[in-house]
Amino acid sequence: MEKKIQVGVIGAGRIGKIHANNIVKSFPNVEVKAVADIYADQIKDWAASLNIQHVYSDYKKIINDKEIDVVIICSSTDTHSRITIEAAQAGKHIFCEKPIDFDIDRIHEALDAVKKAGVKFQVGFNRRFDHNFKKVRDLIQSGAIGNLQIVKVISRDPAPPSAEYIKVSGGMFLDMTIHDFDMVRYLTGSEVTEVYANAAVLVDKAIGEAGDVDTALISLKFKNGAIGMIDNCRQAVYGYDQRIEILGTQGGLSVANDTPTTVVLSTESAVTQDKPKYFFLERYLESYEAEMQEFFNSIINNTDTVVSGIDGLKPVLIGLAANRSYQEGRPVKLAE
Amino acid sequence: MEKKIQVGVIGAGRIGKIHANNIVKSFPNVEVKAVADIYADQIKDWAASLNIQHVYSDYKKIINDKEIDVVIICSSTDTHSRITIEAAQAGKHIFCEKPIDFDIDRIHEALDAVKKAGVKFQVGFNRRFDHNFKKVRDLIQSGAIGNLQIVKVISRDPAPPSAEYIKVSGGMFLDMTIHDFDMVRYLTGSEVTEVYANAAVLVDKAIGEAGDVDTALISLKFKNGAIGMIDNCRQAVYGYDQRIEILGTQGGLSVANDTPTTVVLSTESAVTQDKPKYFFLERYLESYEAEMQEFFNSIINNTDTVVSGIDGLKPVLIGLAANRSYQEGRPVKLAE
Amino acid sequence: MEKKIQVGVIGAGRIGKIHANNIVKSFPNVEVKAVADIYADQIKDWAASLNIQHVYSDYKKIINDKEIDVVIICSSTDTHSRITIEAAQAGKHIFCEKPIDFDIDRIHEALDAVKKAGVKFQVGFNRRFDHNFKKVRDLIQSGAIGNLQIVKVISRDPAPPSAEYIKVSGGMFLDMTIHDFDMVRYLTGSEVTEVYANAAVLVDKAIGEAGDVDTALISLKFKNGAIGMIDNCRQAVYGYDQRIEILGTQGGLSVANDTPTTVVLSTESAVTQDKPKYFFLERYLESYEAEMQEFFNSIINNTDTVVSGIDGLKPVLIGLAANRSYQEGRPVKLAE
Amino acid sequence: MEKKIQVGVIGAGRIGKIHANNIVKSFPNVEVKAVADIYADQIKDWAASLNIQHVYSDYKKIINDKEIDVVIICSSTDTHSRITIEAAQAGKHIFCEKPIDFDIDRIHEALDAVKKAGVKFQVGFNRRFDHNFKKVRDLIQSGAIGNLQIVKVISRDPAPPSAEYIKVSGGMFLDMTIHDFDMVRYLTGSEVTEVYANAAVLVDKAIGEAGDVDTALISLKFKNGAIGMIDNCRQAVYGYDQRIEILGTQGGLSVANDTPTTVVLSTESAVTQDKPKYFFLERYLESYEAEMQEFFNSIINNTDTVVSGIDGLKPVLIGLAANRSYQEGRPVKLAE
């Protein structure tokens, strides 16, 4: 039997556990050798249930383990760029959760280190691997709707995070919209050239007091001439609202929400159907496994990763422009 | 039997004929006594089939006919304000197709004349009477979705008009979006305070050469704090796309397109359903009759009309702000 | 101007009024000259509002009026065949509400009289003219789904009639299912050869005590080899449920219910949409006008009517077989 | 660490592999120790990839292995009852694919052996664990639609099996409809008392020549008074059609097909959406894991299995009655 690819997972919060679980269950040729988390004690049972041999509190033990080929970076955002640099310098392939950093210079440093080391690097924009969105992208690329005119992403969370979270989140545009900035790049195959953020605090005053917004319509211009709009809200009481709508010269595309079942109940008072799947892990379940599949494929086959370092950089640039647009009340060009 | 209300219809193009037909068929207590059109010869047979007694080429014969109680103004836009003033001065109730005028001063003159004469005045924003949109408004007003956060109107024509039409249309924002500006006021019960028009020429270069745009995403701020977006295109190849989507603190509302049938055909190659109703007269058929019903009710019962002079003025103001926003590439405040 | 076709309406209950209204509003070349109803006093105001000149309590005055070209028979079912015979003998074209009679011999007598007189005769199976069902038929005939295999009609009333009505109704299969027996003939273009009625009293005991059933699944065999099923219930609390589903060798067809609006309301507790249109006059509104259009077309153009005497006879034969099947607990061949 | 439950899988065809995969991936406390298949050579690589220690060609090695606690019987139908008896006598818990047997006496023998041995026994009616159908059952049990009136199951395969398969299949009613007979029992919580099979050969003459049918509408009566209908076809060219529709005195329930995505493509020629999931393993993916979960739960917690021996017997009895109904052209009582 071939030697298995050895993996170290850094950061075993919600998303780190997802990735570790998926690797253990779905990739027989990959082994999670170690996991590092600052709360190492709290994850020991979980790690044991997956037969993960080592649980560290210091992620450097993973960086320094020469048997480990790959690191999965799921620690807090402020550590992503630093660990990326260290892992690259240690010659390890890297899967890094989004965003790489909030600071453009540090992103460039990290990407430079990756480039120099010649290791694989993939950013965790999992929604690209979603069954619905992937089909939209495939249909666009096949020419099914002609040239793009209007690109709309609806992306609303079921419930707002705490004001504490908001304070360290980087703000809605960099924390939440960043996925949608990636999505419009992925769908259009074009770059955003200008952004105008129409935003407000309509869900929770505490979010406003923390200096952030909770509701936004973000108007976009693309290099290919198309225009677009991202519709964000920190709260949609009916569930996690994740849709897309595209108009092209030859047709339109739309994506409805996934629901737990297709059951419709009709009574004297109403005709009711399921609400959208509520939780992002449930909604995007398969996409997390699919992105990992593609990542390991790129390692095994020595091909480019499907979500590159540039794909990690660009949404941050758009997010920073959206911040500026909102603060200055005007459209902001990415080239400014 | 009571004396019937006597009506004169000015302008017997497509929309004038619709109104005359509806009145003749559906209002037994109302009589269309006369119709005026600059091409009087071409409408004689049609008028005869409706038992309309008089066909004039000069609309002043209607203004001067003391037996006529009501005029329906369906002539070209540049004549609306003038005829409104003359009809008001002659003491006639007025139903005026949108827009009243492209010139704010002339709108004010017309509304002043109406006010002075004390006659009823209703503007032809028929979509307020649409079964779908009316239900959305009713649900919003009932509090079903709490406070409004995001208001979105999708309004796309099936095919673009000729470049000749474009040149005299007043531009997309005043010709097409004006309905949507009215719709957002109707739905929210609030006023637009700021507008940003992200627009492009993506359908037909000739439209651009005529100085207009054909595709737009218009970002809005409302006095009540909500934000909004109007999505317009002069061409949606799959049909007339007329939808609405609202997010509130307690829920969301959406309207799908009406279709000719509910038939679904499933074959080895595809599952297909009807395209949206294609033609605006088919799509809004019932709304034209309903707006006329409300107009005559307000005359008979001496109540306020449901679409007032102010309702005619405001969308033009928003449209002019949208024009300026597009030309200057910045958000424009209505109060500027 | 050409002489208008002169019409007499016999029976001005709900359906008689519908037909008279439609003729007056939609057919400028047709005039309703007279209406007869045993409760003539109660319909005078209504008749006046439509400018109908004569209101009789005795329908024979219509039969004997030589100026009248057409009679519309909307009186009680037990009078249909007799009036048909009298009207045919008087040389009048006939539109007769369904069913012609519950007695096969009397149907034959009526159809013979029609044939002898050479007048047009159309039976009131309005659902053939419904937008949804007509499209299904057209697609089947175009070969869109290949050869038919399974034909299913769902036809449920929103609320059961009174036990008094049940007693004179002829029973569910002849009163309600008769429309569906017509529909399967219309859709398949084939004849029913065998019927098995699986039925029960599950809505209202009083219906059972009146000797009838209120819930049924009626299994059918067709001459062309297809099999079918009609699903009937006297009560669907969520509204008037009128659907169709067809399987063929090359595909499937289905029809969903029409709804008043397309609005969807999503809240924390549920995602709700409109119930089906509740009332049969609302649901089948356009079909009543369309069947009348076709009827007058066949008179004006001297063509065959689209729902013939045989089309009136066959569903009664199937209904009687269904009765026998239910009583004897076995499949019954139409040829028995 | 607790000792793991040791499992032997007998028969490693398509469904045997599914179960083994699910157990290995999803049940950390269960170990697949051995697999037996008459084509043992062909499954060695697959077994190795799952770390299954033993691959036998003779299933008796599993029966005789005292360390094995549980057998999963996925061999050909004619071996189910015999292996069940042997496994029960060896004291092993049993999960047996449907049907237990086509012979009622042999089913009784098998169930007697199970009873005598006191082991757990679950039949592989996986559709009970489907997300859609389970919700329908839960809503019925909650009283959401009142008393049941009409129960309809649509169950159509995407493509017919070969005539060779047909010959050993037991016939459509015992091979395919058996799942639906189980489903109506599961949904209603009531027993079928009478069955009438209206069936035909409309897909493939070879199926008729093999003595079977390929298209059927099976009419049912239930002990609780409800009536029902199963709609089967060996071919639905648009995909695997798996739906349910229920009418009760307080409302209706319906289930639409699952689709791969929710994408809708609207072009000038059509509005198209996804076809149903095509393959039964894809459609019922989760249900196979869920039924195994429940089975092991019943072993671990020493509770009754959720699909009992009686649940295995009854659908075969209904299937045999359906066969007789079709052959004799009459409704057949289960009590005959």
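A, B, C and D label the chains in the order they appear, each numbered from 1.
Keep in mind that, in the parts below, a contact is a pair of C-beta atoms (placed from the backbone, for glycine too) under 8 Å apart; a residue touches a chain by one contact, two chains touch by 3 or more.
By chain, UniProt protein names: A, B, C, D = Myo-inositol 2-dehydrogenase.
These figures come from a predicted structure and were not determined experimentally.
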item	value
Pair exhibiting more inter-chain C-beta contacts, A-B or A-C	A-B
Counterpart interface for C-D, drawn from A-B, B-C or B-D and sharing over half of its contact pairs	A-B
Rounded Å distance between chain A (Myo-inositol 2-dehydrogenase) and chain C (Myo-inositol 2-dehydrogenase), as computed from the means of their C-alpha atoms	58
Chain A (Myo-inositol 2-dehydrogenase) and chain D (Myo-inositol 2-dehydrogenase), separation of their C-alpha mean positions in angstrom	39
Chain centre separation (chain A (Myo-inositol 2-dehydrogenase), chain B (Myo-inositol 2-dehydrogenase); CA means) in Å	43
Set of chain C (Myo-inositol 2-dehydrogenase) residues in contact with two or more other chains	236-238, 250-252, 266-268
Contact footprint of chain A (Myo-inositol 2-dehydrogenase) on chain C (Myo-inositol 2-dehydrogenase) as seen in their complex	236-239, 266-268, 270-275
Contact set on chain C (Myo-inositol 2-dehydrogenase) toward chain D (Myo-inositol 2-dehydrogenase) in their complex	147, 149-150, 152, 156, 196, 198-200, 202-203, 215-217, 219-221, 225-229, 231, 233, 235-238, 241, 247, 249-252, 329-331
Parts of chain A (Myo-inositol 2-dehydrogenase) lying in touch with chain D (Myo-inositol 2-dehydrogenase), wherever the complex brings them together	25-26, 28, 49, 131-132, 135-136, 139, 144-145, 250-258, 260-268
